[in-house]
Amino acid sequence: MSVALAAGTAGASQLRYAEDQTPAIVNPLFTSSMTETRVAELLFQSLYTDDHTLAAVPQLAESGELSADRQHMTVRLREDITWQDGSPFTARDVVLTVKAMKDPATASTEAARVSFIADLRESGTSAVEFDFVRPELRPEDKLTFKILPAAAVQTLPVKRTSPFRLNPIGTGPWSLSKFNDDNSISFAANPGYKGVDGKDDVGISQIVLKEVADKNYQAKLLLYESVDALVRVLPRDLAMLQSNRKVELYPYQTNSWWYGGFNLQRAPFDDPKVRQAVSQMLDVPDMLAPIGTGELITGPYVPSSPYYNHATKPWPHDAAGASTLLNAAGYQRGSDGWYKAGKKLSITVSAHRSLESAQEVTINLQSQLQAQGVEVAINFLDDPQWRQQVWRDRNFDFVLSQWTFDRNEDIREQFYSTGSRNLTGLKDAELDKLFDTARSTADPVVRKATFRQVHQRVHDDMPMVFLWTLDSYAALSTRVKNVTVHPFAFFTWANEWQMQ
Amino acid sequence: MGERVADAVSTAAERTATRRASWLTPVAGGALAWVGAVLLVQVLVALAPGDAVDTLPDPALRAQLALDWGLGRPVWERILTGTVHGITGAWGSSWTVQPGADVAGMVGAAVVKSAPVLLGAWTLAVVVGLVARGRTALQAATAASALPVLLLTLGLTQGTNAAVWYGMQRGWWPRPSFFALPTEPGWVRDAVVIAALGIGSGALGEVAARFAAADAALSEAGFVLAARARSGSDPAHTSSAVRQLLWRHRVVPLLEASHAVFSPLVGGLVIVERLCARPGAGDLLWRAVAVRDVPVATGVVVALAGCTAAISVAVELARRAWDPRLRHPA
Amino acid sequence: MTLRGRGLALAVGIRALGMSALAGCTASPPSTALDGTWIATVARDPATFTAVVDADGAREGWIALHQNNWLATGSGAPSQRADAELTVLEDLLDRTNTQAVRTLAEGWPAHAPDVPVPAWLTASAQRLSRVETAATPSPFAVDSPEVTDPNALRAAYTVPNDDPTLGTFWDPTRPRALKRAYEARATPPPADLAGALFGPISVATSTSTPTTDDVGACRAFGQALNGVIDAGAEALAASAPPEGQALLRELGLVEVARSRTLTGLAVTALRAERPTCAAWYAQQALDHTAPRSITPTNSPTVYAVIAAANLQLGHVREALDALNVLRPKGADGYPEALGVIEAVSDLAVQQGMDRNGASGEN
Amino acid sequence: MNPLSLHPLGTDAVGRDVALRLIAAAKPLLLGGGIAIAVAFTTGVSLGAVAGARGGRIGQAIRAAATSVAAIPAIPLVLVLGLEIGQGAAPLGLAWGLACAPGVGMAIFHRVDALRREDRLLALVAHGVPTWRAVAVHLVWNNARDVLRMQAARVLAGFLAMESALSYLGSAGVAEPEASWGNMLAMAMRSGDGAGAASLPVIAPVVAIVGVSALLWRAAQGPAVRAVPGLHERRAPQELHDGDLAATNIEVRNAVRTADGRRLAHLDALHAHPGEVVALIGPSGAGKSLILRAIAGIVPAALTASGRITRPRLAWVAQDARASLDPLRTVRAQADAGPEALKLSGFPAARLDAFPHALSGGEAQRAALLVAVAPRGAPPPALLLADEPTTGLDPRARRSLTRALRALTRSEAGPAVLFVTHDQRLLPGFADRIVPVGSSETPPGAPAPLAPSPRAPSPLDLTSTTPLLAASGLCVWPGLTRSPRRTGRGAPLLRGIDLHVHAGETVCLVGESGSGKTSLLRALNGLCASNGTLTLLGADPRGEPSRRTQMLWQDPGTSLDPTLPLHRLLAISERLGRERDTVGRTVDEALRKVDLVHRAKALASELSGGEQRRASLAQIWLTGARVVLADEPTAGLDAARAAEALTLLRAIVGAEGGILVASHDLTQVLPLCHRVYVLHEGACVDAFAPSDAADAARHPFTRDLLDAG
């Protein structure tokens, strides 16, 4: 079903969209936040990308043949594509980019996305030969990482401080024209852009990323028409925006869920009984109420996920049950709290300062636990502290945060015992076996059933208290025409958008 | 009412001190103050517990910076080299704000962006301070400066937005270009920033109080009484001679006031620029502190200290040029 | 404006109307865009509303219909309207289920060449084709042809089929069976107010309904429609008698009418193979302040249309998200949706199998 | 249950009661503010006091350090420190205290330095109070407490503004869940459900911040600064003509303190004709100057004058000649110096281009006269008002000034002169008419009590007794020093001084102002550097100055701490006395001795001039000093008051004590003492008893002093 593309007259149209924070480093090798993912989508392209039905379609690639044993692939590249600085796009760019992503010294955050490639080499200037670690069914679905110009990635290791981040060169529909001095970034349409199947003209000539820290104020700016698009709208502002005919809401299906993570490596939460007791003390709907509408979850998936196990029963909110569990774990209820061998049960809750509404939720959590005798100290951390205390030193008792996944909801890195993002330190051999069977089977029904068992088992192990998934909407002014929003990267089809 | 004999010989030590009234003393004084400030910042940063570098997430960056800044060296050596770098302007490169960028360039550009706001706020404070002569005006100035800069900025920005939006809804006026403060740059946002900084930082109250005190002292000075007596009998003559005399003598308190209010103004700058999302030295400092970029943070503080020291030298030179008693000591 | 609490309000609204003496409206009110629709008749002359609602004691049924609780409309006029709606709903579920099962079966060799197509899947595909080609609608369901009462059928649908050879699987023909059952007992809706109450309205708009699947044209038409309805509602509210205004406000009749109208447009667009327009209309019909719940403005049909349109457009996860709303919670809900959800889930898993996952914090 | 009754100010986004959090939010202000004040005061006040007390090089060093800390703006310093020591109220308070320390230090420095320049510190040290106690208790705590209050309020106000702003911005100030008005406002604004600024949770913190900061700013302001009349308002035009001044029933009231407006000064009738010299005479403190200023229409701001005055063009010469010259302009710029005016005023034409501060005492007097007679840009005056111009001049300067004024009035179109003085010795041959001015106590018009001829003290037989105080071959360097033994730098001020004081003897030290009288007194008391032999009661005072000597200051208020009531002030002297085993001298006895029992409760600042003088004598008596060094005790007093002062001093010291008086006015002290030493150009040129004053062997300078009187 080809979408009829109205011949957009480029005109001097400008789209201003608001983000919480301007991205620190505009370099796809080191993308860590959703803000940086969206900016990379504007500036760079990949071998294959999604079409409107989210199926893989060639973008920088012309065509690709998979070998009989499905472990080797030759991709022929398009010859008509040039970088924004005019230099031609060649196979060397692709090879050097993948090598940079795989280089351990560079420590690129996107290394996991090329782990399935064993080796690659140029064959001529416009073809690349891949060797895969395992036979791949549809490798084009995985060749979706962004390609950088050779100049930026030829000397390894690539440094975060390399000047490339100030002047990024891509092949995407927009190029970074200026870091404005009021912390906003302006992107200009790329005249030499070559789109998917012939759609080469870019509907909007300029995009401006404005940094507005306060989400509530972002909604107001949209009403004031000082901003044309918001990527995420607070649930509280939905009613205000919906009744306004100048704004249109787009459901933005992010698979993101909130959790309270225990640190299983140290007391008191190495004891499962204590974890279950704390989770039974929490009244999750009461914590959700002040920050908006959403759905409660019982495991590491969103309810609309095929892997969500609707049969799993949530832990009851039961103070008496919690007391018996604590007694079983060796705690006695003193006058002002729980004591075990003379030591008072007190935990620190760490939360990320820039996670919107984190303050309200943490304070609610604290008052609920303190009402039942658990002493709680709150520790709001900004970005550098978060990475150091929580990720590097694992110096936390209980952490409140949110995970966002793309469509495949691959939670292996989070819960596998050797997972790179296994924050809680969960070690469950049985669970690892389930992950391995899920990965090895090709039968979707078996994989679905296995992941539902993973859901149940993670629920029972309780490395985390699974809280909720929030309704997330993007809001765009009605002056933006022909809008289709990509669920994860947002700007994938932005070149087809037009401004009135 | 006792009369007393002016003991002509005050203590000898102090008399020699004022003899060197040449222009050299204030400049040397200012430079010494700035070097002292740089040293103090380095001492505070070095001695305070914990090292900012280990909050950086990126292990490679951490190792490379530990090397660059020689964090392993003894404390006094770090302070010394830090001070030398601070003075010579070799402020190193930014860690995390714009990794790799030269701090001196960043800070210089930021200070240039903040200069008009500082100047505007200072002028506002001095002009209103001078004009607020009458008793009610004086009280109004002091009362206004009780409002902290936070509330003034929020009030002005939100108030303007609400008023303009109200009018637009009713079609009274088209959409103004400056609309939706503080995201739209423009002269209106700068006016709000200057008003909030000038009044909110307490500069206005300070200047008004100093001028009032100076006037009270002047009113009892012998030569003023003589001038008033002289003109008292000739009404046409009353005001101009006395006023001209008084204005000549208000220059000195004006200069002192301008030096005294510069520091609170620069302090308030950080808050106003952050609340009004206006780029400048204050905003850069805030951003550097948020991402633990110690070189940029110390660079901005040292630069602001330099500006304050420069202002104090300029004021001192102006005072010497204006007041013969300092120019040719007895 | 959240309409979640409307159900209660309806009961209150009706009782209040009953008591107050309805003064006949005298001067002929100015014409509004909504004239000729049931909203105008109800607002102008609330007596007609009470007459219809109280006719042959079907008050509880009308309340259920207003809240889109179609399985609880009892008997009489409201249940006939419900049957008509349920027919459309089951048809959409059947359409989604069929496409999901067929796409799953056809795509199986591409995604899992080493794994043979499971027996239940081929059996399901055969059942679908057999039921489609049947000349007369006699065999409602392959399993229990003799049962023709939809509620009885639905009672059996809460659990999957347990076939000794095929194992447990969800019979894909269940939604079609229910559709046939409802079609059998459905009667054409009466032409009077009882037939139109809480239903879609037809209003004259400046632009004509688009015929191509171009989302720009749909949006223009949708915005024009919204404009007309807003203006008409405002004019009507100004000129209607106070009881009428109270009725409009309490029951949110304008929003109900707008939502039903847009849902109707979505269904026609889907049937005319214009899935992009269908998805857009359905999006506009949704009341985002009460997402993922059945309310007077969010009827089950909206979610069914979203599911069908998105599946056709390849957005499997969006379809699954919409279908989950119809999942039975406790007693109420539509058990036949469970089969559809499982089919679409399998399709989602199949499509995503080869992609490696990316994740991010905050 | 109406939710508002449970929570008067409603609840915030997370359901916490706003009223309770509003109160809890005062904790960071009190904790952080308290720490800030503690840090700022411990560093700032101590260093400021030391710099103020020591002055000189150490003072400059401390001030330089203060300027370098002050160069760093406060909030940036707080942020950089926060980077290291973390956030929260306590570290914020510590950083803010360090940032405010220079401000507090400079404020204390200015106040203590001013007190030091008025010799307050020297008086306390000379009296025997240990230095640190003198500075800490008397100077800082008693006399600078208002500065402390204002600075504390300023530090707190600054901390509140900074803390609330940083907490609002989020990542630096007081973070949730700790309460602070800043983060309460932030959460309220963030979760405003469209009500925006109108909702209670937003208004409550705003009102709290504005209220408290207004209070603090009010406390940080000094005494109500009044707009100064005469400087700004237009004054009613006076009718203007040459020649006569006619003024009747001039009255000056004090409108500020007492509701009834106590009358300070009164004059029935006064007129003056061109070329006439009229003298206004009356005891010191009779309000003569106030009448003169009322005539000139320049009454001090706090007072009001009434009465009918027709005045010609005026000129006014202040008491301190140098003060009536504009310090910023040269003499030539201020005066229309024609040759005739120069001759009349006697101002040397060569010095016309000098600035007033560069003129010597005599030149300043002449310059003031020149500017009064021939002001630039104004017509020459018809009436010249002079307010005690001769006070503080030594006899020769006094004579030449009266002669100049006389010549001025006799010149053609010369102005009339209205001359205020307390010194009757000037009047014969100078004043044409004398108008007595009664003080508020003595009714107007009562004849001024002519001074009784002072009674010469009975001659003493001194040959046998050893002198209490003896100095021979003494060289004195100017400038206070802590080690009087080490000779000072540069040329000594006085060289080869021999003098001695016997028990019961009153010795006078006479010399022109600037001849080193004060430095000699301080050397004798061990405060200035000197070498040569010096014995006091058999011991050399320059080592550890024994407290046998006490000093009497020209301004009696110097040695009295104005903030203390009299009885507590004397209690200090009593304790000092007890340390030196003077048996049984108590405060009550001292009060009875100086007849001040009825004023025991009054503050030292509320005492009149005479009462202050008697109080300082009581102080001296309580310490049991054997030798009293008095610096210009009779300056500014008419003959009667001077005699009265010295007789009282002798009564206090008793027969076995010695008195050494320094004065510039030989004729005034001659009849009151046993022996006189004359200082001139760094040496003791003459020493004689009053009886052989007229002897021909007197040094020419002494003769000049004698016949100037």
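Letters A, B, C and D mark the chains in the order given here, with residues in each chain numbered from 1 onward.
Rule of thumb we're sticking to: a residue touches a chain if its C-beta (ideal position, glycine included) is under 8 Å from a C-beta of that chain, and two chains touch if they have at least 3 such contacts.
The shown structure was predicted, so the numbers you read here are calculated from the model rather than taken from an experiment.
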Most widely separated chain from chain C, with each centre as the mean of CA atoms:
D
Is the number of contacting C-beta pairs greater for A-B or for A-C?
A-C
By CA centroids, point me to the most central chain in this structure.
B
Quick check: how many Å separate the C-alpha centres of chain A and chain B?
45
Taking each chain's centre as the mean of its CA atoms, how far is chain A from chain C in angstrom?
33
In angstrom, rounded to a whole number, how far apart do the mean CA points of chain C and chain D lie?
94
Measure off the straight-line distance from the CA centroid of chain A to the CA centroid of chain D, and report it in whole Å.
74
Which residue numbers or ranges of chain A touch two or more of the other chains?
382
In chain D, which residues are in touch with two or more of the other chains?
171, 189
Each pair of chains that touch: what are they?
A-B, A-C, A-D, B-D
Mind pulling up the chain A residues that touch chain B in the complex?
24-25, 105, 107, 157, 159-163, 165-166, 181-183, 210-212, 221, 224-227, 382-385, 387-388, 391-392
Help me check something: in the complex, which residues belonging to chain D touch chain A?
13-16, 170-171, 175-177, 187, 189-194
Any idea which chain C residues touch chain A in the complex?
1-2, 104, 110-115, 118, 212-216, 219, 223, 226-227, 230, 275-276, 283, 287-292, 313-318, 320-321, 324, 327, 344-362
Residues on chain B engaged by chain A in the complex (per definition of touch):
54-61, 93, 96, 98-101, 113, 161, 165, 175, 179-180, 183-185, 277-279, 283, 287, 290-292
Partner chain D, residues of chain A touching it in the complex
214-216, 236, 240, 290, 353, 359-360, 362-364, 366-367, 378, 380, 382
